[in-house]
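Two complexes, one shared chain (chain A), two partners (chain B, chain C).
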Partner chain A sequence: MGRLRARGLLLAVPALLIVLVPLLVDDRFVLKVLTFVGINALVVVGLALLFGYAGQVSLGHAGFMGLGAYTSAYVTVRLEWSWLAGIVAAALVAAVGGLLLALPSLRLRGHYLAMATLGFGEIMFIAFVEAEPLTGGVDGFTGIPYASVGAFEFGTPELNYWLVWATALLSVAVAYNVVRLRPGRAMRALHGSELGARACGVDIVRLKVQVFVLSAALAGIAGALYAHLVGFISPSIFTLHFSVILLAMTVLGGTSSIAGPVLAAALLTLLPYVDAILPGVPESVATFLSEWETDIYGLSIILVMLFAPGGVAGLLRRIGARRGRSSMEREAA
Partner chain B sequence: MELSELLQFAVAGLKNGSVYALVALGFTIVFASTGIINFAQGEFYMLGGMLSVYALQALGLPIVLAVIAGVVGTTAAGVVFELGAIRPKRDGDPLALIIITIGGSILIQSLTRHALGPDEMPFPAFTPGPSVLVAGAAIERQTLWMWGLTAAAVVALTVLYRRTAFGRAMRACAIDRDGARLVGVDTRLMVTASFALAAMLGALAGVATTPLTQTAFNVGTRVGVKGFAAAILGGLGNPIGAVIGGVILGLLESMSVAFLSSTYKDAIALVVLLLVLFVRPQGVLGRREKEKV
Partner chain C sequence: MRLLHVDGVTKRFGGLTAVDAVSFDVNEGSIKALIGPNGAGKSTLFNVLTAYERPDKGTTVFDGRDLAGLGPHQIVRLGVARTFQNTQLFEEMTVLENVLVGRHPLTRTGVLAAALRLPGTGAEERRSREEAERFLRLVGLERHAPAPAADLPHGLRRALEIARALATGPRLLLLDEPAAGLNTAETANLAEVLYRIRDMGVTLVVVEHDMGLVMEISDEIVVLNEGRKIAEGPPRLIQKDPAVIEAYLGEPDNA
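Presenting the complex of A and B:
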């Protein structure tokens, strides 16, 4: 019981801190960057379930984000439906796309899904450029309204920040429940031995497909939130490069963890803005970091896999285990 | 549509098909020796072209030497990648290895951009001259080079696999790694050799295409996906299947341009990939395998 309460506290404290940020930060730019952290975190929660629990990787989640963003933009601007309808449509379209991709790729053992998602992301990029009547082509889609419910509009940076982070924290809560309950146990069994899990009556294909569809839907929602936050979307945002960044966040965050990848998403998103967030860091450092961003991601993915496969989560667990051991030693003494 | 026009589309299809075949062979060779999909395969294609351009323009080498430098340099890069990033983790789980190749892919791409620049680069045709006319269809001389080099690579691979002790050791390693190790095959060397071969074949395709298409640091990804689709079509791990899969995919693409539209030509490969995975995952030529406990 005590452990459970400690765990609840462990979640409640960061959540409270996140909620309080807009009251402490009055720099609009920083607040916007922190809102982007929330959007990336939302996608990474889905990818963390997919990677850490179902043992699959995706190189196409920028494509799902784009799918959601364009869907919501079309529904709210061209069809003039409400924002809520746009978000729901974005989630549904992305989920259906995920289902069509996952069904053939996940029926087989091995990692065909990764390559299929890579191809999917490339094709979504081509589609965003070519399907001009729907997407606005290379010039992008402009004039997307702020999020609103009824007469209430999320018109300020603070309101948008809270909207995005409320969604992100909700997805974290959903993910924790997925992990703790039956599907999570089945997923962990799957990671240990696929054959063993199957022998225990786990329908692994169905489970993997469900996790993938959930992650695609979360990416679709994140894309829609982005579209309404910025008001403008274009194909150059939803590229393979962005998919790789999302994957890097997930991988650096570590396996079998939600908090690790979310933390990694925050760190990596803030990295190019380090001069704006930490006082005293010269601008040249930030310029260097954004110029060599991709090289750093590529190298760190390799290094983490070679030397610290647990990622950030593994590091946290190791620290936690040490503290647990030392308190036990104290009790024994 | 007239016959000569159709023939022209067939020539284009076979031209791209030879590229897909070489890239698919790279996927298949690495898959056979390691059991993983190498996401850096497309980058070997890119490196072949980019390094040759560098050797020609910056080092001032003649065309022949520049081509050889591009292929040799890429092969060396493949070996370095295997020794540095794959070998330390070789008996790790496939997911980790695949993620390492994804990291390697973006690292190679990004380092190339920093070292050689972000621009599109041209390379002269191996032998300049007018196109050859066959039954009303024009075939560029460079296309003949691509076919010739692909055929030569396939013949050389066949000789290597069937006639040499080294090739037989590679095949043994692909069939059963532990068994091969028991009879004295250096399986670690075979994995390194498979990466070297895959890099060499990818580079060959890359440098042979560059006179027709130009090259840049980011051309590898799309060719990688298509080469993989070709490898799946022919049955992953089957070299003959890889070549046939490449040719079929190239023809499918050019015929879709001929009869449908060119806008979504690049989507054909993914549709083929998903259809094959859904209907016949062992590939068109492959045999169904039973999974052992």
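Presenting the complex of A and C:
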């Protein structure tokens, strides 16, 4: 129990810092970038459950984000329902997409599952382009209102930042609870050995469907938050390229970890904006980084796979283990 | 009392009949050994009993219930647990966590209950940890509880799989070569563990090549050869059975 409380504190401190950021940062652009970090973190929490815990790869998560974004846009603009209804609809539609994508996962593993999910993402992309009456086609969907609850509108960058990060931190808390208890252990068991998991009474079909649905719903919510934040969406946002970046964040973050992937999401999202975040970094560095963004992601994945297969989480754990060992040595001395 | 009834089970892979019309019963509270040369169909029979393979013919009845049409996870829930010839541990999880996964069928916390930490999830978790630790002590692994399963010495990996299977709360436990790779001392210790498991009220069916262990622990032995049952009876009769001797002389390595 004492350890649980210590872990709660470990989460509470960064959470508090994240909440305080808008009071310290008065650059609107920086705040917007930090809001995007929150949106990506939300998607990556879902991917961490799916890939880092349950071992099921997805190269289609931008598709789920797009499903959520277009659903909420349609529901709030065309149907003129409330923002909250839009978010719920986005989560539900993306969850149905997750259910559909779970079906191939019951038969496919590894690279073959990656190909199937990649196909799903591409189908979604083409659907966003072609379903013009619903999506606005290549020109995109404009005039999506800010988030609002009743008469209260999240009309400033600060309010949007808090809204996005409240959702992201809530998803982190939920994910932590899930992974530390029975369902999380079943997911890791599924990852470790399907035969072994079944021998322990785990209904792996049900579990895979659950994780895909949960992961897709989180991505759908993130997509909807994005749509209402920016006010405009188009198919060019929800591409395979973005799916790859999301998966890269999860891989760099490390398996069986929530904090690692969230941290990696922050690092990779901020990378192209390094000049705006860190004073003194010349713009040319940021320009270079954003031009070579994809190559840097690719290279960092290769380097992580070669030299730190545990990712960010693995590094954190190693530091934690060293500290634990030295405190044990101190006690022994 | 008859706990397991295997009746005319046949399993073919293409032209090969791996298990050919095999029938036998297992009485509650007994230890039954399943022996035979490599390729005799022992593991295939286990896979059929636990629904990893569908039989082409025949039925298996556990505690009066036909197991046809059930999936592996449902059979575990009825009280039939197993281990694997090639151990199927969760390597990245700790030894304790491996056994905690075994508690899955006896616990309830789902994704929603865990996410919201609904009342009862904490109590269930504590109870599971106590039970898991109890099974680790039973097989002598309590010292290794916090270590990743991947770091476990080879001789202890099968013990962990047994603890994990016990955590599912079985009435019937199927062990596939539990003594494979164990040295003499470890095998002697395994025999003690198996007796303790039986004394807990768990019925055992053991596939095993170590004849010393088989003769010592089993109440009855079923001998398979080329998929067929060629003998069944208590150890001292099996040792003298001409059909058994002939089957094993063909492959003296396994005798």
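We take it that the second predicted complex is superposed on the first by the 327 of 333 C-alpha atoms of A that agree within 3 Å, B and C clash if a C-alpha of one lies under 4 Å from a C-alpha of the other, contacts with A are read in each partner's own complex, and residues count from 1 in each chain.
Methods note: contacts are C-beta pairs under 8 Å (C-beta built on N, C-alpha and C of every residue); 3 or more make two chains touch, one makes a residue touch a chain.
Please read all numbers here as calculations on a predicted model, not as lab measurements.
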item: Which of chain B and chain C A:28 touches, first, second, both or neither; value: neither
item: Which superposed partner A:318 touches (first chain B, second chain C, both, neither); value: neither
item: Touching partner for A:115 - first (chain B), second (chain C), both, neither; value: first
item: Touching partner for A:305 - first (chain B), second (chain C), both, neither; value: first
item: Touched partner set for A:78, first chain B, second chain C, both or neither; value: neither
item: Touching partner for A:244 - first (chain B), second (chain C), both, neither; value: first
item: First (chain B), second (chain C), both or neither touched by A:126; value: first
item: First (chain B), second (chain C), both or neither touched by A:195; value: both
item: First (chain B), second (chain C), both or neither touched by A:104; value: first
item: Superposition-derived comparison: chain B or chain C, residues of chain A touched; value: B
item: Footprint overlap on chain A, where chain B in one structure and chain C in the other make contact; value: 195
item: Footprint of chain A on chain B - complex, ascending; value: 36-37, 39, 85, 88-89, 92, 94-96, 98-100, 102-111, 114, 221-222, 224-225, 228-229, 232, 263-264, 266-267, 269-270, 273-275, 277-278, 281, 291, 293
item: Residues on chain A engaged by chain B in the complex (per definition of touch); value: 55-57, 59, 100-101, 103-105, 107-112, 114-116, 118-120, 122-123, 126-127, 130, 195, 240, 244, 247, 251, 292, 294-295, 297-302, 305-306, 309
item: Complex contacts: residues of chain A adjacent to chain C; value: 174, 177-178, 180-186, 188-189, 191-193, 195-204, 210, 214, 255-256
item: Interfacial residue positions of chain C with respect to chain A in the complex; value: 50, 52, 71-73, 76-77, 81-84, 88-93, 97, 100-105, 107-111, 114-117, 121, 124-125, 128, 164-165, 167-168
